[in-house]
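So that we are looking at the same thing, I have put the structure below in structure tokens.
As written, the chain order gives the labels A, B, C, D, E and F, with residue 1 at the start of each chain.
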């Protein structure tokens, strides 16, 4: 389908943030926006599962933001860009790119619930010298006062898991509970770290963690969610250098298509 | 086991068609016959699941057909070759190689049902300038008057899915229904596009599509099929350049062994 | 976590045996100890599933043994090294490295049950000219008088499967039976060939065999085992050259962490 | 520098032809236009050797032509596109893409000399079933009545080398003779098959042939050529799937920059 | 030889700085210290060209510094570490790691000449938001008051080349002039960006630039240098993810061995 | 050309020995015979440099010997095979495969000179526990009483280089001296370790060593050798897993073609 070639209109703005400056293990997520777009060329615009077609959706692809090497600057650039975005569909980059988007949305909507698909808690306070590390992104989001629903989290420190247990804004749930949970949330943002999925399905990521979710289960849950109140989403941590067959990038492209069609295609 | 080294006799003829001339996204299927044979060397001849051994089967490996760059010529070459083949076991190449085999079998048997394992409908009329594109192969097969049972199909255009819904020769079924369906078919050909399987299990293919079947389920269904009336099969779209660990080629080799043993090993 | 950086004390000794001299198909397991350690750096020390932390465990990493090219010499080197090891946690290398460890433990404990996770029987008598081939390792273990419980085995010759059926020391069981079986065993050693897992989850191995187990099931069974009487374990046949995304090495690192925490972290 | 981002004006038109449909050995040249552009992003616009800057040149990048799977159609598409191109700078694709460009230029200028950098003669009449095979491209060019100066050719059949010796339009010369030869030519087109270069410098190509030229020598000759009468050039047969380090694509990008600056930057 | 296993004594300290946080194109230099050490295992300690042996040299390998994601912090960490280092042999990391070492040496010796082997000028003032970018490292070194002798530089902006021409501290020389130039320098530091070499010889680097030097020429010049007054050296910008055959890492290991033996082995 | 498809007659026997059992660093040479044959398919049979054609030569390709894991057994297998070979053209495998061929030829001819193209001396007595290690092969050849002419050797221990200096049967010469040297030798065997070439030209080898020879120089010397008295040759240590672009395998295929045409094509 190629996102880039899509009709340039509508309230949905796809944009890429090719940043991986705080990645502690294996960098490469900077190449994800280009990679996901490349694979989206070979994805049909039509979704048989949803019986909807991207050709019927108004959205534009704004391309990639110009990002420099410093995390603070990336946060500022993305935050500024959000001024002109109504419904963000962001292609990371590492997970740190989520913070400025959520910050902008929280200020806009007052109340915001973040559905956090990930293998990792991402709740460290400081990591690798910076508060904007991808290992800290949900800690920053928490400080904004967002409610966070962790789905698929299976790695972290004892401190992080203790924080989840103790902080009333943090919830660790089974993906099967999502439909029920979303019923009652007002403004909902999805942040999908590709390592939520088992490494078999998404090997191309910086820090693969065994025992993740399957795409079949993920989409079957997504298809059964209520569509109201979704204010945007991102997909992050896809790393093309570690995706020799492209299956991770193809999965990410399909996640983007299905979520757009599900949430705004009705 | 190495197919090539097998006993050169019998009615079953393994042959390769190293053609990928219409592949629209990522070529490489031309290297599949060599790749599958290489991996078959490390596969035992004995199947514990079936308690049968390839050493007890009469078959020959005819090697690869000499193919040139033009789809029409490939169709002619394979069709001619079929004159001397009783039971074909074809190693593609891209999916377009299936058409001349099915054409020959349809003419031979009069009635033919094609069990089409695939992620894609492959029902386009013309694609990339040719009616023999791998995206059109099942449309051509349909025009021959074959009944087609699609298994695992999860990608296509709205037009293609509409065609499936409206054309009485086309059936989209869950793999679990196969045993029941095959009971009533007379002459049955299996065409297995490796992208039927989820990309996790078969990453080495030109156009991976998430949410496919698992080998465990596939074989458990196969083992429970009736063996009568099967007139041949192919496995196509394996792409070694995108299979760095070889797991796709190994899976293809095992599919070949198990299907031969299941259908003609009794 | 990086095993190498762990506290250098305790009865548990991690050590690597970078040997793949009898590998018949694709060598590379010699690079596994280094590869697994590299990926262990990016694994947390804390296990949320077990609520235990490697930082609370006494163990040391003795590094890699110096191994030469001959299987007999490797057997001798590992066997000698075992004199000073109380609880071995061995990182292979190919599967042949298991024999000298089991030999030493069998002599030490008198009675020994080997839980053999593998895709292959490994029960050949002689292979590729040597009795110490990785294809023969369980035959050698059997000759020591050990009871062997095969889990996940799905490839072998008719002779090997006949041996399993006929020899009272050999048992082929479903992984779900493990908790029950372990109840009654006295001294138990786990030998985990990474190809036990389906190639989707562990592509980086010399001889991938479709239709293996999943990590989710594996760990859920492990978590429910009785911890008593385990005398050591190994993980073998990881092959970094065929693991471009590192997911196999990461899985191996997690297996090591979870087994240590499960069996000796209580 | 990124060609795509360059000023969109001027008589020089960069365009890509992502076609590799007749490639007999290893396809992949279809990915070259995208690959060369990607690497051009990391190339400076300024050439220290020429003391000229691409920012001072008027040219546009027209992107890639839409090409289908059939060689005849590709020839037609490129030929038609040439109607609107004054000075072509074509990024192949395999070498067959050169024919329609040369055909259009020959018709436009009446007289045309093609400087053919290549490892191979490319003078076969028919190959792999088609007269438009990349192995036949210079035979087709010859039939147009062009003079061809082969540089670097070191592989071919006896028949092809005999043709070069006997046909007055064909010349096989040492690269050092180029400056002298160009003095007397009227309208000159450069067709640069990347396999002109030794595989050490340009490994990413379908059919590498040892004993090629070096980039240092190539550029030193180019810098000393007369700039008049050059009517366009192409660079073909770069194959990104076989260029894991990207050095071939980077070399191609530099060839494009230096030739533009040399021939039209003065 | 494996540097890590060398005798731990002497005034020469090998250390790694696994930092690539400002790399603008393709990250990966963070893996170079580990990669160079891995390949050094397969390099003999004896140099036939110099008839000297590393076993006769007193040096230690201090391992890698712990570095975080921020360029400023890296600079501080390396600078502090230099307090305890007499003769530094640093394994980068990207080129920005050179600045803190040169800063410490400049302060120590008062006068310092940097021999800068590189494809790029690295003289930008600010790049990608930071003054510590690898594209700015020689600008920072210049500001320290060091004389810089550029060798092999063939890429940069017009501004950078103008700076070289105009600033009396900057010299762009042919490698053949080095022996003569070094005669008169007092305290000399070598900073070797691996992309000094032609990409054919050193493909594994982030920003390969065609037309570089050959190892044969490099070593022949090095062997003929005066050995006095060398105060240390570094080798930077090796990028293992883009070095599939390892030849870049092996070249880097040999550079380290030969320079140590040449300068301090007499 | 594909060796395998060549006319099956004549005194020249091509055969492969897929053995790499003593390789100390990176195995993979076992895949070289298959790899070189694959690339030979894309090499013309005609040599423009020699104006000769393989189609005019009588030779056969005997395929690969069946080899097991033990070096002693490999030596025995190859030695026995030599009984039926008049002029051997052996495709290794690692360098240890040379010994049994030379042994057979020495016994046959009484006097034998081995021209040893290599980066390494290969003169160790015992290595990695075996006298048949690839690091010892020329020591074994020396013990047979052969004269050895080392060409390109640039790595080894002090002991090995001392042996070369002191032993009258050993000669280390510049390749330019070869024509002169061969004038006076009676029976000459060429053993070509691919790492003789610089890693830029032959990256696909287990132990690349910088500063090797170029193919252009190699062939220009070969073309000027006297052809008489050559009794066979081998090419060893090509390692396909480290040859992602195939340029090493292509170079090896060309070496085979040119040497056959040069020595026996007149």
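The rule is simple: a contact is a pair of C-beta atoms (placed from the backbone, for glycine too) under 8 Å apart; a residue touches a chain by one contact, two chains touch by 3 or more.
Values in this document were obtained by computation on a predicted structure and should not be read as measured data.
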Partner chains shared by chain A and chain F (touch criterion as defined above): C, E
Chains touching both chain A and chain E, listed by label: none
Greatest separation from chain F - chain, by CA centre: A
Angle, in degrees to the nearest 5, of the Cα rotation that carries chain B onto chain D: 180
Copy pair chain B, chain C: interface residue numbering same or different (half cut): different
Centroid spacing, where centroids are CA-atom means, of chain C and chain D in whole angstrom: 55
Intercentroid distance (Cα basis), chain F paired with chain D, Å: 37
Separation of chain C from chain F, taking each centre as the mean of its C-alpha atoms, in whole Å: 39
Residue numbers of chain E (touch at least two other chains): 24, 198, 200-201, 244
Touching pairs among all chains present in the structure: A-B, A-C, A-E, B-C, B-D, C-F, D-E, D-F, E-F
Chain E partner contacts - residues on chain F that touch it in the complex: 24-26, 153-158, 161, 198-201, 203-204, 207-211, 242-244
Interface residues, chain B side, partner chain D - complex: 20-22, 24, 27-28, 30, 68-71, 73, 128-130, 133, 241
Chain E - residues contacting chain F, complex: 41-44, 46, 48-49, 51, 53, 198, 200-201, 215-216, 219, 244-247, 250-251, 254
